[in-house]
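The following pair of complexes shares a single chain, subunit A, combined with subunit B in the former and subunit C in the latter.
So, the complex of A and B:
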């Protein structure tokens, strides 16, 4: 599951560092702007069928690859319940 | 034809002078004239005099120029096909040319064209050039007859044969022999590009036109820069003709300088953009040599503008000019899209047996002058120097912004530590989703890994608006080159 999320993230951020450094700050390092973030959420919806509205989560909650994976995984869990 | 007259005259006056030399041998002006005459006699007996083109298949053997001249002297234009081309492309070209008789003076492997072709291999070519009928009623070539046909890769993948007439070439040579302050008789040229790439016309025929010696380096020798430099030094090369990418490969070798290559008088560039960094490094390594930038498409006989790059131009930075149009050529900039239009006496009559593509790219200007739409974009400065800005097909639209990929490349090269750069679009879900920047860096100045990539993006951000910053920066040891030694952007587009 993590692997699929990382593949999407790498495709969006266009830099392999998102795999190498799970705690890198994506916004701060210029790896993800707001448009990329929206595209990322669309791809997550396409891939996993979960809808996350951009306003549902704060920037802080999705600041790093590790945090993003956490958010997506917890949504997937909720969906299964 | 003035070119043929001059070769004959040099053969008569100073016949033992070397006309062409490669690692596999050399040929004097006397033998070049004599052997091409005999081979022409053989061809006249062999083929109907219908002016149909003939493929000459080979690489850098001294028999190549013999075959070229033999074709022309027997009334047939020639079509050079390099041994480095893929089989598919070779067969595509042979299919379009439509002539079943082929000259292959460098190989006994005559099967590459497939069945149905009669291929005159190495031994037979050599024999015909030695023993062909001496009498040759060498026809005075009409200026409008074709001299050569060189194929360029069409964007659809189907090759297009650019027809260059005797007059086109003659007009070009009248000008090219005056480049770099005028080529003195008996000079020495470097021949590096495959003959299937019209850059080679610059050195081969400017060389023969001026009674000079052409020193050819084959692909294998080009792989070993030290051995190649020793060969060039031993042969006293004076005029360097190559793509900028080829010179960049040589510059990676620290010994590539005027101490080893004492005789270099000028570097003549064509075929792709000359980056200011490359010009600066050459000026630094060869302070006494001229660096000449030229511009032009195959469709207008090698090139139509030239300028000597000065230290002042290098200091100014940014894009280098490509120069002023030669006499007999007029360049117009289309107002709506800045496309460069070339009109004049070196513009090809069109593509061989391809009326549709000819009509799409060629036009007739005032007083019947031939014109060609280059697909390049450009502008003139207040001194009348032309600058190439990019290609119409290298403009992308990203999030509503129009971006010139070449503009991004030029700015990447302004960053300290970036020595080469190529920017290509990447396609995501069927549309252009952004840009990938491939760069070669000096590892002393740019750190490895993410920090290096980030640094490049940040530095570029100081030069360009954020929508012009490539999303992805990929650091490579070297950029891939095509068989013609240009940056292989198509291959980079396929790299993820």
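So, the complex of A and C:
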């Protein structure tokens, strides 16, 4: 599952560093801007069927690859319940 | 009395913040006091203009009924586009009407009251997030407090309902409140200096050296007008945030050194932040999502361009339906698109983006593009072009 999320992220950020450094700040490093974020939400919806609204999580909650994985995984758990 | 402008306001404010401070350091809830203070300031600032006051009350009740009704329907019927758009249009209808009336002079002062824009942003946010399933309950008193919270009543910053409510329900420990109030005092004084000293200076210089049709005058006008806009609005915003802190509300910041931006995207993350982020979250993101899902366009850059231009065009229309505001919006939409294309496609950008000289060029260019945007916004450019022709 993590692998699939990372593949999406790598594709969006166009940089393999998102795999290497799970705690890198994506916005601060210029790896993900508002547009990339929206594309990321769409890809997550397509891939996992999870709808995350643009303001559902704060930018701090999805600041790094590790945090993003955590958010997506917890949403997947909720869906299974 | 005019809020955040007249001396009488600041005297009243100083008096009213003392009991708030005393409640705050005793770890008491500031909600009721803040509500009472807001009603007081509305009464003294609008009490003589009963027509405006009437419109404001009617507007708030209308939005209250609308948001509550939509929440009820959303709970019963789920995510349905039809209902969502109906209520969203209902929410922004008064502001739209007001903007149209303003273009024809609005002789009967229909819907003319301070803060209609900012209240509309807040209610539209509630409708949109209700549709998203993020808002599941709405308390009347908290809704009205969000709309009428006096520090941000007339010109923002635009807070978000869920963030605002979290602050309402939280009792701040004494130590933290002392820090918050300290920061608040600092922001109020900083804002005063910005608005009353620096903005006034720029305004005076602008009127002294910037009049007439010569290119030199136009250039001085451009620089001074841009700086004036910044100090005036950033000063007001900073004061509003400072006052909100005293009432236990961490209203978001509106400006973060915008003139240091190295590109236009960065500029919009630093200038009138609460507005541009509102548009980012509730307009830009939504348009982009619809465009991607429609599969009509395959290039991400084309989608971004369309979304940027609609987004900024709407922001321009919000400023007013005159040509200079609409052009100002479209201008920024085009700049954002250009910036996006350049950063994603250009080899020059990838190669030099970390070099200092390149960053200086970026900053210099951004600064002047922004100032030129304000020149469009001011309407002065139209006059200058007309005189040239």
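Just so it is clear, the second predicted complex is superposed on the first by the 81 of 81 C-alpha atoms of A that agree within 3 Å, B and C clash if a C-alpha of one lies under 4 Å from a C-alpha of the other, contacts with A are read in each partner's own complex, and residues count from 1 in each chain.
Keep in mind that, in the parts below, a contact is a pair of C-beta atoms (placed from the backbone, for glycine too) under 8 Å apart; a residue touches a chain by one contact, two chains touch by 3 or more.
Note that the structure is a prediction, hence the values are computed from the model and not measured.
For the composite obtained by overlaying on subunit A, subunit B and subunit C cannot both be accommodated without a clash. With both structures placed on the common chain, the touch criterion links A:41 to subunit C but leaves subunit B unconnected. Contacts of A:17 after superposition: subunit B is touched, whereas subunit C is not reached. Of the two partner chains placed by superposition, only subunit C is touched by A:53; subunit B is not. In the superposition on chain A, A:2 contacts neither subunit B nor subunit C. Once chain A of one complex is fitted onto chain A of the other, the partner contacts of A:61 are absent, as it touches neither subunit B nor subunit C.
When the two structures are aligned on the shared chain, A:28 is found in touch with neither subunit B nor subunit C. Of the candidate stretches 149-157, 347-355 or 365-373 in subunit C, only 347-355 runs into subunit B once the two complexes are overlaid on chain A. Judged by the document's definition of touching, subunit A residues 35 lie at the interface with subunit B and also at the interface with subunit C. Across the complex, subunit C is touched by residues 33-35, 37-39, 41-42, 53-56 of subunit A. On the side of subunit C, the complex with subunit A involves touching residues 129, 132-134, 160, 265, 280-282, 284-286, 288-289, 292-293, 300, 304, 307, 340. Residues of subunit B touching subunit A in their complex: 399, 426, 428, 434, 436, 449-450, 453-454, 457-458, 471-473.
Note for the complex: subunit A touches subunit B at residues 11, 13-15, 17, 20-21, 24, 29-30, 35.
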